[in-house]
Each structure stands twice: as structure tokens, then as C-alpha cells.
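Several structures are given next for inspection.
In the two complexes below, chain A is the common chain; its partner is chain B in one and chain C in the other.
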Partner chain A sequence: MKMNRRNFIKTAAAGSSWLLTLNQLKGVELLPAARAAVAGTNLSRLEARYYDRLPDREIKCRLCPRFCQLGDKERGFCGVRENQDGKYYTLVYGQAASYNIDPIEKKPLFHFLPGAMAFSIATAGCNVACKFCQNWEISQMRPEQVKSRHLPPEVVAETAASYNCPVIAYTYSEPVIFYEYMYDTSLQARRKNLRNAVITNGFINPEPLAELIEAVEAIKIDLKAFNQDFYTNYVRGELNPVLESIKQIARSKVWLEIVYLVIPTLNDKPEEIRQMARWLAAEIGPDYPLHFSRFQPMYLIKNLPPTPVSTLERLRDIALQEGLHYVYLGNIPGHPGENTYCPNCGQPVIERYGYTIKKINLSGNKCRHCQQVIPGVWS
Partner chain B sequence: MNKSRVVILRSQSAWAANGRPDPAAMLRMFRRGLEVLTGSSLAEDGLRQIFYPEENIGLKISTIGRRAISTYPETAMTLGLWLAKTFGREDKIIIWDRTNEELKDAGYRLSRSAGSLKILGTDTPGIGYGPEPVVNRSVASLFSKIQAELIQASISLALLKDHGLAGITGGLKNYFGAIHNPNKYHDSNCDPYIADLFETDLIRKKHRLTILDALRVQYHRGPSYHPQWNDHSNKLVFGLDPVAVDTVGWKLVEDLRARKGLPSLEEEKRQPAYLKTAEDLGLGQSRLENIEIREEEV
Partner chain C sequence: MPSLPAGHSWSLELRRNSYAFLLGFMATSFQILILREFEASLFANELVYGLVLAFWLLGSSLGSWLIKKNISARFSPESLYYPVLGLAVILLAWLRFFRLLSGYLPAEAAGFWPVLLISFLISIFLSFPLGALFVCNVHWLNGRLLTVYQLESLGSAAGGLVVYLFLIPYFSNWQAATVVILLISVTIAAFSSSRKARVAALPVLLLASSLWFFDFPAQKLAWQPFELVASKDSIYSRLQVIKSQEQFSFYTNNLLAFNYPDPQLAEESVCFSLLQRPEAKNILLIGGGLNGSLELLLTYPEARIDYVELDPEIIKLSRRYLPEASAILDQARVTTRIEDGRRFIGQTSRRYELIISNLPEPSSAQINRFYTVEFFAVIKERLVPGGVFSFVVPSSGNYISDEQASLLATFYYSLKSVFSRVTVIPGDNNIFLASEGPVEDSDQALSERWQQAGLKTTFFRPELLPDRLSPAKKQYLMDRIQTVKEPRLNHDSHPISYFFSALLWSKQFKGPELKVLSQLLKVKRFWLFDFPLLLVLLIMVISSLRKKDRLVQYLLPLWLMGFTTMVTEIGLILAFQSKLGFIYGKISLLFTMFMFGLYSGSKLAQKSPARGSLKLLAAIQAGFVLLLAASQLAKSSEIEAVYYLLLLTMGVLGGAIFSVGNTLLLNWRTSYGLGYALDLFGSFLGALLASSVFIPLLGLDLLFLLLILLNSFGLIYLLVKDLA
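Coming up: the complex of A and B.
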């Protein structure tokens, strides 16, 4: 089978994900306001958080490090927050452009409720513009350019619970840009004893991140590279704020995992990976998982091949040499690098195949072989 | 080197008693503008130098400012009907922008009727954007199918405005309304994005004429409407060189700012550097010494 983008996604998702159709959301009663919204436009109009009003009906957004300053009728870089007559609105509150049930391993989160299903939602929009984006059909769109369904926070939580999903994941596009929707949904989730996982680029300011940390249980950060040039040329973002977010999360009670998509020739220099691993070990310690993911050509980078497995293995070895305890390889189903190994005795404590858990050798939070504590959220 | 000609027409009778542009005055200005621009003694002959009869012609207008500050329907409709009369078919002329809602808010009545001018937004059901991004240098965007498929020739009938990021917005930046993701291209004073976008085949090969609507000019705090900084300039600016027209538009904005005691765009560190970038790409002239400005009262 030719491995184009469509086939790749199909392969990756096979057997491990259930696409929800609108009809499958039966039994979930939409609120009157939601019904009204569904009948009308697919743009919401809720006043956004984290912005300053400026003279002459201008505003300055404080949600992410772009600090977009906008005149009347203008939208931020994200495309989903708009100045309307000097007041700033989110246009995507409750407007899910994608919703799905995924294994938590697909995010990937490997030390957070292994085997759990995550009710996963996203809206249109993103605050960066990665040339290798896997979900550009929603992330690089404005909300009026995608189909969406009005799923207000209480409906998301209700739906997740009704499908026995213990986790709600904010993912696919970039949840920072639907901050208000994510935050309110996370509060609804907690009322139903559900957990919240945020899959983000980490390009967010410290103040909104601090508040978010109080409302969620896990955050996975996509660290796109360990140099600013890559962020400038392929992401249109900044590295330093992402590193600051990583440190801020590591200081909190929220579980953190980091994913690094390895793109051949662009961000796969061994020396840079070594620097990154050293930085992680020094700044947040060796116990937060680091995932090296295999690149597949897509969106604007179709001229590069998939990452050689040997490259991924070499980078994993470097990160382990630098003292990180949990270094994984992703998008290579069946590779031993998918497993969790005890850093003390070296025995596998969680064995995986793709997104499937094959075996768990944990007793509580300890290695069943040697009683070493394995950090994570296991129950 | 041949200088690029830019024509500025000024009319004291541009406005009707209702405070809207007077269509008869608009037609006089369009006709004279084309005569001076092309050197034809008959304006319609000037049009025939620029467009082929079989072409569908798009008039890309600006309606993001809704009723307060958009291309006036009187202006766009007059131009559209004149083109239609010249080339014999109304339905070969498409007046368009991003969304039907913005068009309606700006005072346009949508139309897809056979035999009449078409007035529609990209979000009209059945139109939309192309499926794959078109990539050129720094930009990667889905294009409106109106620009990509429905027209063969294009006029940028743009408003001249100060722009808080780009410096000024005119005929070049007007094409941000032809792509799905203009919000991604406002970094670094929209430079090089405005030039890179215009350089795409779908725009550069179809663009034939720029007409800047400078009847009223937002010379400060744009592109939003602020009446205290909005001047009745009563001008239309014509050019075949899209960079030269915007360069002259920049001069008009600077002249207004100077007259009103405001700092220059350069002093505010937001001069439209994208014009020089556009010149470097071979899209036109960005230096006034290479532009022949012809100014007339109509």
C-alpha cells in the first residue's frame, strides 16, 4: 500500500480508535443554548480571557507569546480570536471541529493511565504554523472554514462519561487557542471524576498556563526542535517560551511528557539532541518521558523521507546516555523502544504494541521485579 | 527604464447629496482614469488594451470593514457595469470578497443570477477554497476558487488605508482576501508575505489593473474605522503596475499624516517595507523616482 497521508492515518488509527459520527452522540441532550447555536452560525461569541483593552478600540492578546495587537474586526494569528469593537472574543467556544475516542497511548502519554480511552476534542485554529502539521485541515483553518459541532463543555463531559472514557484530551489542533473551552470543559470533567490531558505546543504565557495547571492532570508538550532557527523557519514560533512552559509544568503537580518529532535533516542532529537531553535532565530531571516520533511526509514537507529507524534508535541512545530514564520511540509499531523499562533492573514494566498495552508489570507504582518506583499517574 | 505610470484623479463632485459616491461621477473618473493610464482617446479602447472580451473579470473589493469602511457599492457596481457594457456581458464580471456576510454588511446585494453581475463571497455554497495549499516562498495558502477558477483577469479595487502592521493597505494587500489564512501573514509588518502572495501565479498572472479607492482615506489607526482620522480625499488612483500604485498610495497617506501633524510611518517604524520586497521580486516599481504620477481634477 502506498503510504500517503491518508493511508498513514488509517494505518495508525486502525483498531485503536473509534470515530464518532454525529449520530453516535445519541442520548446526549443538547442544551437549549446549544440547539440555538447549532441552528445558526458555527462561530461562537464568548468574551476571551487574557487580553488588554487599548485606546481606539484596539486590544492586545496575552494568551500566547505572540501578544497580537489588533484593531477592530481583526483576528489574531490563531484565526479564532477576534476584536469586535474593542472587545476580544473567542469564536470557537464549544465548537468542536474534531471529536474522537483514542487510546491515551496515541497522544502519546505513556505514564498516564495506560490503556485508558480519551475522549478527544479540537477546534479550528493554531498559534503556530508548522510546515509538517498532521492536522492542518483544522489547525490552519479559520472556524468558518471547517465543519464543527456545537459541543459545550457539559456535553463533552457527559459524552466522555457515557462512553466510559476516564480522560478528556484537548488535542489535534492547538488547545491553547481554545483555552476558554478547554478550561471550562476541564472543570466539568472533574465534576464527573474524569481527568484532563492537554496535548500542546507549549507556546503559552506563564499566567494562563498557571491557571490551566490547576485545572488539568496531564500535559504533553510537542518540543519541535532545540534551536530557534527551526522554530523560525518551520514552526513560526519561539523556542524559549516553550522551554519555560516545560519548566513551569515540571514544577507543578501535573504529569508531563515531551514529544519530539524527528524530521530527517531538519532537526535530527545528534549533538543538538544531546544538548536537549542534557537540558531536560538538568532542568526537570530524568523522570519525565521523552518520546522520539517518526516523521511521515505530509502537508508542506513532502520532499523528505520518513525518519530512518536507525536515526531514531541513535537519538534514543543519546538521550539515555545523558541520563534520561524513559525515552520512547513512536510511530514504529512493535519496536522495543515502545516499552517502558525499569531504570533500576532494566526489565520491561509496560510492554506495548502500537497503541495497545500487551503487559503491565507494575505493582501500584513500582516495578514488579525490583520495587523501583516508576513515576507517573497509574490509577 | 520606462517609468510606471500612476494616475490620480480628484473630483469635487464625487459625492452625491446622500453622502454616498455619485455613480455618474464615478463613471467619469473611471473613464478618465483609463484614458490617461493607457493613452487612449477613448476609455473603452483603454479597457480593451487590458482585458480580452472572453475573459471573466474579477473585481476584488475590500469589505472587511463592513458598512463603516469598505469599497463602496456605488463605486464597485459602476465599474462592474461599465466593464460589462464594454465587453457585452454582465455575468462575466464578478464582484467578490471573502464572505457573503461581509459583502451584505458593506451594502452589497448578493447575486448569482444568470445575465447579471455576480456579487458573491468565497464562502458561497459550492465555491469555497481549493483543496491543496499553493506554496510560494513564505506563503502556503488555499486560494479562493473565485480567484483560482472563476476568473481569468483581476482588478484590485482596494481601499487605501493606514495599517497598524503593514504600514498601508492597498491593492497588493487586498489579495489577502483571496486566501484562507491571512491571519498567518501579519508578522514583521506583513513583509515579505504581501509580496510573496502577489507573486503566486494565481494572482500575478491574472492581475491587470489596480484602482485604489481613496475617496475617503483612513490615514491613521487603520485599518479600522476611526472618523477623526478619516479624510475625504475624493480621489481614485489607477495603475497597471501594482507596486507603483501602492507606492503612490503610501505617499498620499504620508502627505495626509504630515498635514495633520502625525509622525510618518517610518517614524512609527511601520513603513510598508513589503513594497521594496515586491520590487525586488520584479513585481513593479517601489521608488517614486521611477514612477510617473499624472494627477488631474475631473
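Coming up: the complex of A and C.
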């Protein structure tokens, strides 16, 4: 589907009044789970999934590789899941802190419904603590500290549909920590023939990921670096579980794209990028897109220099040399590295400027010039 | 006293007096240099400035209070002064490598608690022995406390002048510290009678010389893994240049000032306003022109641009590292003016179609001056009818928190109080546009103007504008701004923006400081204004009822003087900067006037026959009340001499109170450090609270009223005591 400028403006203009419309949508019948969420005002209280009960009212969370073991009244690292008397609850079910209509290219997803608008939601909380987070005012906060709006799953789906957004994106903070909300919303979305895209750090355990894969259509993973030191020092996470998630998604039917935010001197070593590209080519094949994004200083390291464009170009060349077919450059509008090129004939099959599609030379899923199949979800 | 045997020769007298003078010289020099190094190495907002200064005064206060009498008897001045000089070198080095040693990246926001800890440790480690040395000097001069105080004040005035006028303009912080240590060591060695003491100067000088020679290598090391290619301590800040591939990043005091090339920020700051008035012929750009903004403005063939930049060194560095980009400054259509933007806008008679302020966000009182109602009013006067004013502030495109919304609301409503039309562009940076004429923010209209103007831009383009300017995003932003409860206006005399900025800064670190600042914002006026008054009044009433309570009687005026002079000094300097601009040499002159006043006042009072009477103390206190009343009226004056006169008079009265108060105290009890400690403790509270709490939350008007009332109570208390 192509989103031209007229459609874009129409959709964006429609968005201006959606806040009002949401009030009218409150009459929609709520699912039992959502009713439970309504009970709280700023915090919801719905029993979480993927946890084990332990003696002495303790619990062990199995959602992400942190495996937080918590006593009564304690919260996990993410700050949004709490043990209450031996029962584990999510506190952010239906509590959207941020909701916007964005082009799907902004996520970025380049091989998934190009030009589509994504109704994007996020709650407070995150299971890592990146020093360069763009959305730290929601991701690094507890739900009590952010202004949220109660948007149960069916309201999200209803609203997305009413604004002609074919995709619902779970994004901005870390959707893994609002797993139940994301999962239920994706089911609601499917009932309305909408697709679901998850924008995640991939720091999730295989079991919940396996279930999520059955409910969504696309996952974009932020691979923060290809070494554990970076994950330890700047992310407070682990690399290996993320790599396992990438392999698991690649084995499924879900469309996968990978984004690598290049921070100058911290994760831009050419040799490391070469190793990563080799690993991707060997483990998941050359056809999943890899995006190198330009770092714009944010949050705790907002005084670091942005990434030089030449660094990104060099890293892209390395990834292409290692056999990856679709390597993109992000946050540099107008750069040729934003376009999709056919790996067979080298002709541009999708031309972009920033988040805007300029031209699509695809016939179905094939290059219009040489009929090479270009992998992705195109319609 | 081991090293200063009794004697009456001129040279011996000079030697004995020189130590007190050197103490003042040393204390003020190091205070200035440490504070500058703090600014250059760590993020320093008003809260941090206040903390460093407050801890410094607290350390001095504790040092003078806790020092044991036998220390001065057991040690010679040399054996105490040299280690303090050595300690200063070590602390300066520690400050520079604090980030590296603590595992922070260069320029990473370190957080409130690490900053608090390092400011506490460094200030206390150095100021504690300096406070103790004050009392040692009194012992070495056989109890002549007032002489020590006067010499120390004179030394402080001299130290301030030397550092501000002769060292900082020509040397880096570390080099200036080397010169200060050299001057003090050589003076001590020259006056010392023992050869051993002279030799002891050598290791100190050796240590100090390492500051001189390893200044740049140390900075390079501290910036690892980034490549530092140049550094220059200008009179205003430390300027550093980092090179990454083809890109240069310019830093001022460890904060990213601009990158080159950086089309995104240049286009953000220029295009939205430029396309409001495509016919503009006269444009004023305040700051930040070298990131590409000037180049962009010059794409209009008829535009003539006045570019105002505070720091000439930043232009020199740009010419060296960005020769092509800075060649634009030589174009005939660009006039570069090196001066404070606020001063320029106040004095120019020119009128502009566009005025673009390209300055950092208001994280300090110094920058806050460019975001006040009064500044906006002057801007409006300098615009032609229908001209446009714009500035950019960092924000968030996806979510606007309550703290961010409060800050944005302050800008919005302050602008709205001056201009009839104010528009805010959403995104990761918010662009404020204000005018009396039409302001356009629709993507279609701006895209058409962009095409007509033939701008060659990357980020500001019709392809990207619909997302940036979607009605939903504009609506969300305005909803967040307009639903802020009781938005506050940002005034010169009531600067609130930097408090909101500190709130937002503290939020990043998720510590209890956010709660403290948030609570302070909710605190009713009673707790900041009425409660301190009632508390002091209560102490005075209780003390008045206890007829033999001389301790409070003598110490309270000293505490009050310390508190009042510190708060008034900060308030007047802030008012000076708002009205007359930030003029480097003149700020140092204000400080020197005050220190010289302290010396003169103390000397005058010492000579007075009534120096030991409560009546004289009450009379000086009455003078203080009058001075504060005058300051209340004069703080909006635009006559420079008024500020010098006020600070000189305040110094004179402060010195006199110290002199008389201590004479009374020492007549009653021999405790040399106590009066000095109370004076410094008052200053500590003043430094801690003035710019971080009182000025933003009460405003200068109420703050001066608080001081007038506090000092009036002090006057009544002294009169009652005198009658009793």
C-alpha cells in the first residue's frame, strides 16, 4: 500500500480530533481483562503472565531474561510489574502514556507495508536502562510518574481502524514489559484486519516470545551492539538473549528487521560490525533488513557528538560486503542509503525521503526491473 | 608561636601580616578557580553553583570553629600553608579526572548525588583548612582578630582582581592555579627566615608546575575515547573541540554547543522563522551561528545579518578548525558583534524583520535572562511591525511530561504576555514563534514558501513537514501547555525557568532530589517567607527575655550579616546582568568592591571609639536596613554606578558589623573562630538557598523584602538588648 502525501495529510488531520473521539469510544464493551484494568485510575491491576509462585509469597518473573525474584510489594526491574501478596500483577494494562499516528518508516520498518500509518502506543517502563534512550521520560519512569490515558485494547484497535491505520505499533518504551496489553490488543487488531508491529529490544524469554510471534506480524529488534561490554555499561542488559530472540523470530513467519544505533566510538568499530554482519548472514540469512541509525545525542549522553555520516556509510559498506542484501541508513533524510535496491539488478525498488515513499518499483513482491523476489510484507 | 617571635621591626610586622593577606588571596583565588573548574568539568546549574559555594563556606566555617588552639602553636605558617597549596593541586586534578575515575563517559550527565558528593568533598577538603588558617593567623598575631579579618579581606580583594583581570584572560584554569601557587610560595619563602622552609617550597612548586605542563594532556586523557583536538579556557567558559571523522563538535563547559556539519539543528533554528518573513532584509541572530545557521540565512540574497556572539574565542577556534564555515563571517552582509546579546538588544537602535535567538536552554540564571518577559518586551521593540521572534528549546515529540510542560508553559505564557501571536512547533525540539503579525504553521503553506524560496535543505522539507506539523501533534503539544495549572511567567526579577529546567534535569537521575524540587514548587509562600521571619523573631524574643544571653546577642548579627550580604550580592549581580548584560571584567569589579568594602568597614569600625558598644552595632544594623531598602528600589536601575556603590556600601557595613560584633564577643569570651564561623554559616545558608530556591520561588522583590524585615527585626532586637 502506498501512502501518498494527500493520504498522509488526510490521516494526520483526522488524528487531530481523535482525542475527542476516544471519549465517544468509551461506550465500547470492554473485555473482562480490560474491566480489571479500569478498576485502578492511574495504575491497572491485572494478573501478569509468565511468572512462578515461590514460597513465602515470593514470585519469579519469567517474562524477560532478568528473572526478577520478588518479595511481597516489590516490583521488577521494569517498574511496572508488582508482587502483591504472592500474586504478580501488571500495573500498565490499558494505560497508554504515549499514542501517536506515525509513518511505519519511522519505526523503522522498510519491508513492511511501505507508506502505511501505524497507530503507535506505549506505556511507562522498560526492562533495560539505555543511557541514550530517546523516550526516557516514559521508559525510565514508573507508571505513577507518567501521565497515562486509559485505552483498553479494543479501544486502541477501534481507534486505529477509524483513522485508517492498518498497523498498530507497540513502541517508544519497551513493549515486552506491557506484554499482556500488547498481546490482547494484537488479538483485537486482528479482529479488525489490522496488523501488529512490535518495536522491541528483543530482551525477552523464548516462551513468551513464541506466544507473541503467533499474535503479531512484524517485529523490529534494536540490537544495541555486538559485544556484551556495551550491553553491560550502557544498556544494563545482555546480548545473548537478544541474539537468541533474533534467531527465534527469523525461524517464524513474522517479518523481522534489525536496527543498530551507531554511537560514535562506543559501538562503531568496523571489525565488530563485520562480525555482526557475518553472524546475521550465517544465522538468519541475508534477506532481513539491517538499519544503521544515526545517533542524535539524547538523555544521559545528550552531550556526545552525533554519528558522522561517513562512519555510517563505512559500516553499511561492510555489512553489504559480508553479504547482507538490505542495509539501510537512518536519520539521514535524502541519503541513497534510505532506498531499497534490488540485490540482483541493483536498481532502486523503493525510493524514500525520510519517512516518505517517493517511488515504488515493485510488482507484487518482485522487482519491476528483473523480477527478483524482494522479501517483505508488501500488502 | 614557634616561628614568629615577638619583635617590632617593620619587616617582621610585614611578615606577620603577610600570612593573613596571603590567606585571603589564596582562598579567593582557589574559590574562583575551583568553581570555574567545576563548571568546566561537570554540568553546573544554579543548584550546583549554590552547592559548591555553600559547601565552601560551610567548610571554612567548620574549619574556623573546630580548629584547636595548639595547632597554631605547634606549627609554623610555612608548614601549614605549603600542604594546603599542594592539596589544591591534588583536588584540581581529582576534579578533572572525576568522570574517568567514576566510570562516566566524557560529557555524560553525572547525576545529582555524584555531583553533590564531589562538590562536598572538594569544597570541604580545601575550605576547611583555609577556615582553620584564619584562626591560626589570629593566634599568630596575638589575638588581633580584626587585623586578620581586614588583611584577609584585602587579600581576597587582591586575589579576586589578580585572578579575574590578570590570570583568567591569559591563562587556563590550571595555569592560573600554577601562577597563584607560585606567587604564594615565593612570597612565603621570601619572608621565611629558615632555609628549611624555603626548601619546602620546591616540592609544592614542582607539583604546581605539573598543572601548567599537563593541562592539555590531562584534558585529552579525560576525553578518552573521543579525540580532543583543541581546548581553550576563555574568560567565560572552557571551549573544547572534538573531532570525529569529518565532523567537529564544539563544547562549552563540557556541554555540546554545536556540531559542524549539523544541518538538522541549523534548519530547525532558522527555517521555521525564515519562512515566516521570506522578504526579510534585516535579521538578528543571537548566538549559535556557526553550526550552519548563518549560511542558511545568507541564502536569502537580500538579507543583512547582525550576528551577536558573546565569546570571541569560539570564533577564533571556528576559524582554525572550520575555516570554510567561518569564512561566512567575512561576508559583507554579515556583521559580527562580540558582546552579550542582552546588552546588544538593549542598546541597539536597529529594527529587524526577524530576530532568532539560538542560545542554550535556560539551565542557569545567566541564560535565563534570554527567556524573560522583560527580554521579550525589548525584542518586540526591536522588531519592525509584524516582525517575528523565534527560539528553539529541546523537548520530546512522543511524550511531554508534567515537568517539561511546566517549562514550555512558562515560555509560552511569558511570550504571550508580550506578543499577540505565539505558535509552538512540535517535535524533539520545540520552536517558539512570536509576532504581532501572522504566524504560519501549516505544512502546506510552509512547503509552498520553501519551494518559492528555493531553499536547499535536508531536514526541513515538504516530505517531512506533514509528520512534524500534523494537527494531532500540534494539538497534543498545545493541550499539554495549556493544561498546566497556574503557569508562571518568567521575569528578570522572578526567574522561574531555570528552576523548571533543574527539575527536568534532576528527573533524569530518578533520585530523591526530584521529589525535593517538586515539593519546593508546591511549598506555600508561608514556608519561604513568613516562616523564616517567625523563626528568627522567635529566637530574638526568647533571647530578649533572657537578659544574660549574650551569645545570641553577639552572634545573631554576625550570622544575619553573613546571610544578608551573600543573598544581596547574588541578587544584585543577577539584577546587574539582566539590566546591563554579562560583562566579564565588571562582574569581577563588583566582587572586588564588596571585598574592599569589607576591609574598609572593618578598619573604620575598629578605629571608632564606640567599637565595643551595642549602640554602634545597632547603628550599623540600621544602615543595613536602609541599604537594603535602597537595593530594593535600585535593583532595576540601569545605571552601572548604582550597583558598585551598593556593593561597596554593603561591604563597608558588613565589615563594620564583623568588627563591632567580634569586639563585643571577644570582650565577653575569647573565641577567635566563633564569630567568623557564624558569619560564614550565614553566608553558607545564603549561597545554598539564594539562587536555587529563594530567587526562583520568591522573586527578588519578595526576597529583598524578606531581608529588610529580617534586618529590621535584628535592629529592634539590638535596640531592646541595648535598653536592657
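Going forward, the second predicted complex is superposed on the first by the 338 of 379 C-alpha atoms of A that agree within 3 Å, B and C clash if a C-alpha of one lies under 4 Å from a C-alpha of the other, contacts with A are read in each partner's own complex, and residues count from 1 in each chain.
Everything that follows uses one rule, which is that a residue touches a chain if its C-beta (ideal position, glycine included) is under 8 Å from a C-beta of that chain, and two chains touch if they have at least 3 such contacts.
Quick caveat: nothing in here was measured; it's all calculated off a predicted structure.
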So, after the overlay on chain A, do chain B and chain C clash or fit? They clash
Partner touching more residues of chain A, chain B vs chain C, is chain C
Touching A:N100, do we find chain B (first), chain C (second), both, or neither? second
| message | Quick check for you: in the superposed arrangement, does A:N135 touch first (chain B), second (chain C), both or neither? | response | second
Practice problem: Based on the superposed arrangement, let me know which partner A:S310 touches: chain B (first), chain C (second), both, or neither? | Solution: second
Next on the checklist: According to the stated criteria, A:Y172 is in contact with first (chain B), second (chain C), both, or neither; which is it?
Outcome noted: second
Check your understanding: Who does A:F119 touch here: chain B (first), chain C (second), both, or neither?
Key -> neither
- Query: Given the touch rule stated above, what does A:P333 touch, chain B (first), chain C (second), both, or neither?
  - Reply: second
Quick check for you: in the superposed arrangement, does A:L300 touch first (chain B), second (chain C), both or neither? both
Clashing with chain C: of 43-51, 133-141, 205-213 or 277-285, the chain B stretch 133-141
Contacts of chain A common to chain B and chain C in the A-superposed view 131, 136, 140-141, 299-300
The chain C residues in contact with chain A across the complex are 103, 105-109, 225-226, 242, 244-247, 249, 251, 254-256, 259, 262, 264, 394, 396, 398-399, 401-402, 404, 428, 443-444, 458-459, 461-464, 466-467, 470-476, 479, 507-508, 510
Per the touch rule, the chain A residues reaching chain B in their complex are 56-58, 69, 71-79, 129, 131, 136, 140-142, 144-145, 236, 299-300
Per the touch rule above, chain B residues touching chain A in the complex are 64-66, 99, 123, 129, 133, 135, 140, 164, 180-181, 183-184, 186-187, 221-226
Listed in rising order, chain A residues that touch chain C in their complex are 5, 8-9, 12-13, 15-16, 18-19, 97-98, 100-103, 106, 122, 131, 134-138, 140-141, 146-147, 172, 233, 264-266, 296-297, 299-311, 332-334, 353-356, 358
